[in-house]
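Multiple structures are listed underneath, in structure tokens.
First chain A sits with chain B, and in the next complex the same chain sits with chain C.
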Partner chain A sequence: MIRSARFWSWIAFGAGLLYFFLPLIGMFEFSLRAKRGEYSFLAYERVLGDPQFQQTFLYSVVMALFTIVWGVFLVTPTAFWVRLKMPKLRPYIEFITLLPLVIPPIVIVFGYIRLYNTSSFLPLTGSALGTDILLMFGYAVLALPYMYRAVDTGLRTIDVGTLTEAAQSLGAGWITIMARVVLPNVLVAVLSGAFLTFAIVIGEYVFAALLNRPAFGPYMVWMGGNKAYEPAALAVIAFTITWACMGLIQLATRFSKHERAKR
Partner chain B sequence: MTDATAALTTAPPPAPRVLPSAALNWFGVAPFLIFAFLFLILPTLHIVVGAFQTPEGDLTLNNLAGLMAPQIVKPFVLSMKISLLTAFLGCLLGLIIAAAVTKGGLPGWIRDAMLTFSGVASNFAGVPLAFAFIATLGRLGLVTVVLKEVFGLNLAAMGFNLISFVGLTLTYLYFQIPLMILIITPALDGLKREWREAAESLGASTGQYMRMVALPVLWPSLLGTFALLFANSFGAVATAMALTGSSLSIVPIILFAQIRGDVLQDPHLGYAIAFGMIVITGIANLIYIVLRARAERWLK
Partner chain C sequence: MAFLDLTHLEKTFGANRVVKDFSLGVAQGEFVSLLGPSGCGKTTVLRMVAGFEQPTTGSIRIDGQDVTGAKANARNIGMVFQAYALFPNLTVAENVAFGLRVKGVPRAERDARVTEMLRLIGLPDLGARFPFQLSGGQQQRVALARALAPRPRVLLLDEPLSALDAKIRVSLRTEIREIQKELGITTIFVTHDQEEALSMSDRIVVMNGGIADQVGSPFDIYNRPTTRFVANFVGTLNTFDARVENPETGTVTLGGVSMTLAEGSLSARKGDTVAIALRPEALHLGRTEGRETVLPARIEAVHFMGSVIRLRADIGGTKVSLDTFNRADQPPPAVGSAMEISVSGRDAIVLRG
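Moving on to the complex of A and B:
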């Protein structure tokens, strides 16, 4: 009986393997087909050499970095402060951070377009810079559930109250406490939130498309409609980035476990 | 500052010191609350209020009534169908794979590899995912070509088309199944071996153990994850957009077109559609939250 259970387990696992790896193989194989009759990296050469690709990719990378910095500055002091001074507020803050999973992104950006247009009290969409800032805020909202949970989990492992008192008794102000006590302690957690944010922002489509910014997501959709093999190459690149981000998260967490074990 | 510390360390704190510091405490969370209000809550409220307003700003229920028009009902039905189907299949297949990997006697490294891969795959959504499926099951895709040339199976002649309901379902499952695996694996780990042994020592068969012990324990997790997967697929835009262009009218695609170019020629109907989406994903998430709280009782 146990043997048959194991047999069926292998079957289920094998079927899953097939379903999950065939598209990856298919995408890779397709991306190599650009030259007729032989496999080549021509599609990659074309994509990487495309100035549009370079611009949109760079734009999205810069956006991702700004989003991460903004997210860390917004979330870390808040999570710290709530744990230290206002524990009763925690469920409410947590609820707010989970809202972006409930409200579809397309609805949020719809709200932005209506609320921050040129005739509003905060006409962010009136200029390119304003729209970039709005887009960055939008990305920060999308990343909020992951960022907040990552930082809050990191804070759980340290004794916030004692560390703060120790720092204060040594004469540290709040900024010193944040920068030299709290942040180094939750750095690993922040990093894993940051990599996830990076993966989300790089491939994001709806916000960038509806706010009309030249990001990587809309570029990929445009390529999908106009080219044959380049989209597959783009998909391979995007998948590699996702893997790299997840790999770095794993690495960061493993690193942190190691460090904790030493103590 | 020292006041705050004193209030924290001496218990019970003297009343006059607490009040000003409590008011000051709010400054610490103010940046976050202001940000969340301006860029998350206010935009959403704007849409919700707009759904109940005429273009002139008067209160009305006409926009919601407009949702009953066949051109709007159809996309909602289609979206519901696709979300229900991918959530159901995602739960079922994810459960089977997770059970096989955690409880099926497979080597331990497979479990870790599967969880890592699920973490990646559940985030590999959107545009690139659509491209991967086009490259695999599209007209010139690898599987299509291999089936045709090696096995003589013509998928297109058999009625398969990637740019369709079935194709979209197949594509969505690529992020739905991994999400299910990620969520259900801890729940499966929560099934203690003692329960099984106890059931067996009382003479239960495997089927009885599953029906009378495992399933009732897992039930809240399963239903809760179902609701989450439903919401996950209901709000997805980019994958469908890149896969089908706008040939498959699901709600997010209609809303996208409406925001871009007012294709329905009624801006406030757009608000109503968005409001409808919030209501549906909101209900689904509420179910998830309630059931997850219930499921966690068994995970201690």
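Moving on to the complex of A and C:
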């Protein structure tokens, strides 16, 4: 009976693997066919050698890093404060952080354009820097559900209230408490949120396209409409970046100083 | 003037008055316990001293300085929590050094103080460990060292032994008291464990419903409780209703038997009913010299507790507990047997309130 159950679970697992990996294998195989009659990495060479790829990718990486920094500064103190001082507000804050999942990005970006156009009180879209700042805010909103949840989960694993009071009794102010007690103890959670943010920003299309910024997402879409084998290569590259981010989350957990000592 | 002076403290949460007109003066170097059941307001008093709660009314002075409105991080008070509250990302040494770093103490001085503190708590070699690599007792000692390292003016202990197992609890309370005496630090200790309070304190404040029911030395609190609550809460107590026969001589009748109370302990009129309390150790099996009142009893249960045997007996419908020392050559009485129990009126406590 047990042997039969194990057999069927292996069948289900195998079917799942095939369902997930077959299209990827197909795409990977297709990306290798750029040279007629033989497998090669020609499509990858073309993509990686394309100056536009390098520019858009670098732009998106920089935007992702700024978004992460802004997200950490926005979310960590908020989640900490809500847990410590306003626990009754938690359901409302959680609801607000979930809104980006139900409001389409196109609605948000049109709202931004309407609010921050050149004739508004804060004409952010009037300059490249202003638009970049607006784009960063937009990315932070898109990443909010993931970042907030990651940090909130991290805070749940420590007794925030007592640790804060212990630090206060030792003379620490709020900045010291945040920097030396809260952040180091939720660092793994913050890093998880950061890598998820990175993956979101790298692949994001709507915000960047409608704000007319040279990001990686619009480049991928443009490539998909104009080339044959390169889009497949680009998709494989994008997948690799996402998986690398997930791997980094695992590594961050593994090599966190006190987490490592636990093993 | 007391070193730590709490004057008419009140604390309300919404409509709930948690602390009511609480005043207490603590001398420098004194160890005072706030003892009481859950919800009596003892932790709220401690948190007001620490600065984590603001009193609704009243004032807190430390060494003559009014700190009522001061922030928690500006009071220079050390605190040890029930849940240890060690910073999990820092090693033992880093935890102990935390308060010193916040104060900006130079590295060399800080390291010396950390070494001194770790030696004081008997863990000189564990500085490089993380908190989760220590036992509960070790963690609480580190928490004590961390609280003491910045040389606080007052040490607050919020049920620091509650999370530990019984044996560690007993040894750690001795250690805490010795360290407190060695440093001469003014200490307030919150506990619901009467044994801890009785064994550690210079004075005990028994709290009930937000007020200080009785303040006194452990000896007074145990032997001379002034209210029924204190008498019942501290130690085991047998209570009887007695009828006053002669207020001048302190004579009452207890289950039809006459008993003379200690001089001056009775302030009632003839014919009044008063509540009399007797500790289990004040009741003796059989007739014994110096215990003039003999009451007939029936043994209902025998609890062997090692060095002491606690008996449950029925005296004329009143259930009582009495303790007798274990003797290898004398087995305890059988359940159901009829015995005589002797008591002295001088051991009786007349309860009020």
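Basically, the second predicted complex is superposed on the first by the 234 of 263 C-alpha atoms of A that agree within 3 Å, B and C clash if a C-alpha of one lies under 4 Å from a C-alpha of the other, contacts with A are read in each partner's own complex, and residues count from 1 in each chain.
Everything that follows uses one rule, which is that contacts are C-beta pairs under 8 Å (C-beta built on N, C-alpha and C of every residue); 3 or more make two chains touch, one makes a residue touch a chain.
All of these numbers come straight from a predicted model, not from anything done at the bench.
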Inset, instruction - In the three-chain superposition, say which chain, chain B or chain C, touches more residues of chain A. - result: B
Inset, instruction - For A:Pro184, decide between first (touching chain B), second (touching chain C), both and neither. - result: second
Inset, instruction - Considering only touches as defined above, state whether A:Leu48 meets chain B (first), chain C (second), both or neither. - result: neither
Legend entry - First (chain B), second (chain C), both or neither touched by A:Gly171: second
Inset, instruction - Could you say whether A:Ala128 touches chain B, chain C, both of them, or neither, answering first, second, both or neither? - result: neither
Inset, instruction - Please indicate which partner A:Leu163 is in contact with in the superposed arrangement: first for chain B, second for chain C, both, or neither. - result: second
Legend entry - chain B/chain C common contact set on chain A: 165, 168, 173
Legend entry - In the complex with chain B, residue positions of chain A that touch it: 1-2, 5-6, 8-13, 16, 19-20, 22-27, 29-31, 74-75, 77-78, 81-82, 84-86, 89, 93, 96, 99-115, 122, 137-138, 140-141, 144, 161, 165, 168, 173-174, 196, 199-200, 203-206, 209-210, 217, 220-221, 224-225, 231-232, 234-235, 238-239, 242-243, 245-246, 249-250
Inset, instruction - Mind listing the chain C positions that touch chain A in their complex? - result: 50-52, 71-74, 76-79, 81, 83, 85-89, 98-99, 102-103, 130, 132-133, 143, 146-147, 150, 156
Legend entry - chain C partner contacts - residues on chain A that touch it in the complex: 158-159, 162-163, 165-173, 176, 180-181, 184-185, 187, 257-258, 261-262
Legend entry - Touch list for chain B against partner chain A, complex: 1-2, 4-5, 8-9, 25, 28-29, 31-32, 35-36, 38-47, 50, 93, 96-97, 99-101, 103-106, 110, 114, 116-117, 119-121, 123-137, 140-143, 173-174, 177-178, 206, 231, 234-235, 237-238, 241-242, 245, 252, 255-256, 259-260, 270, 274, 277-278, 281-282, 285
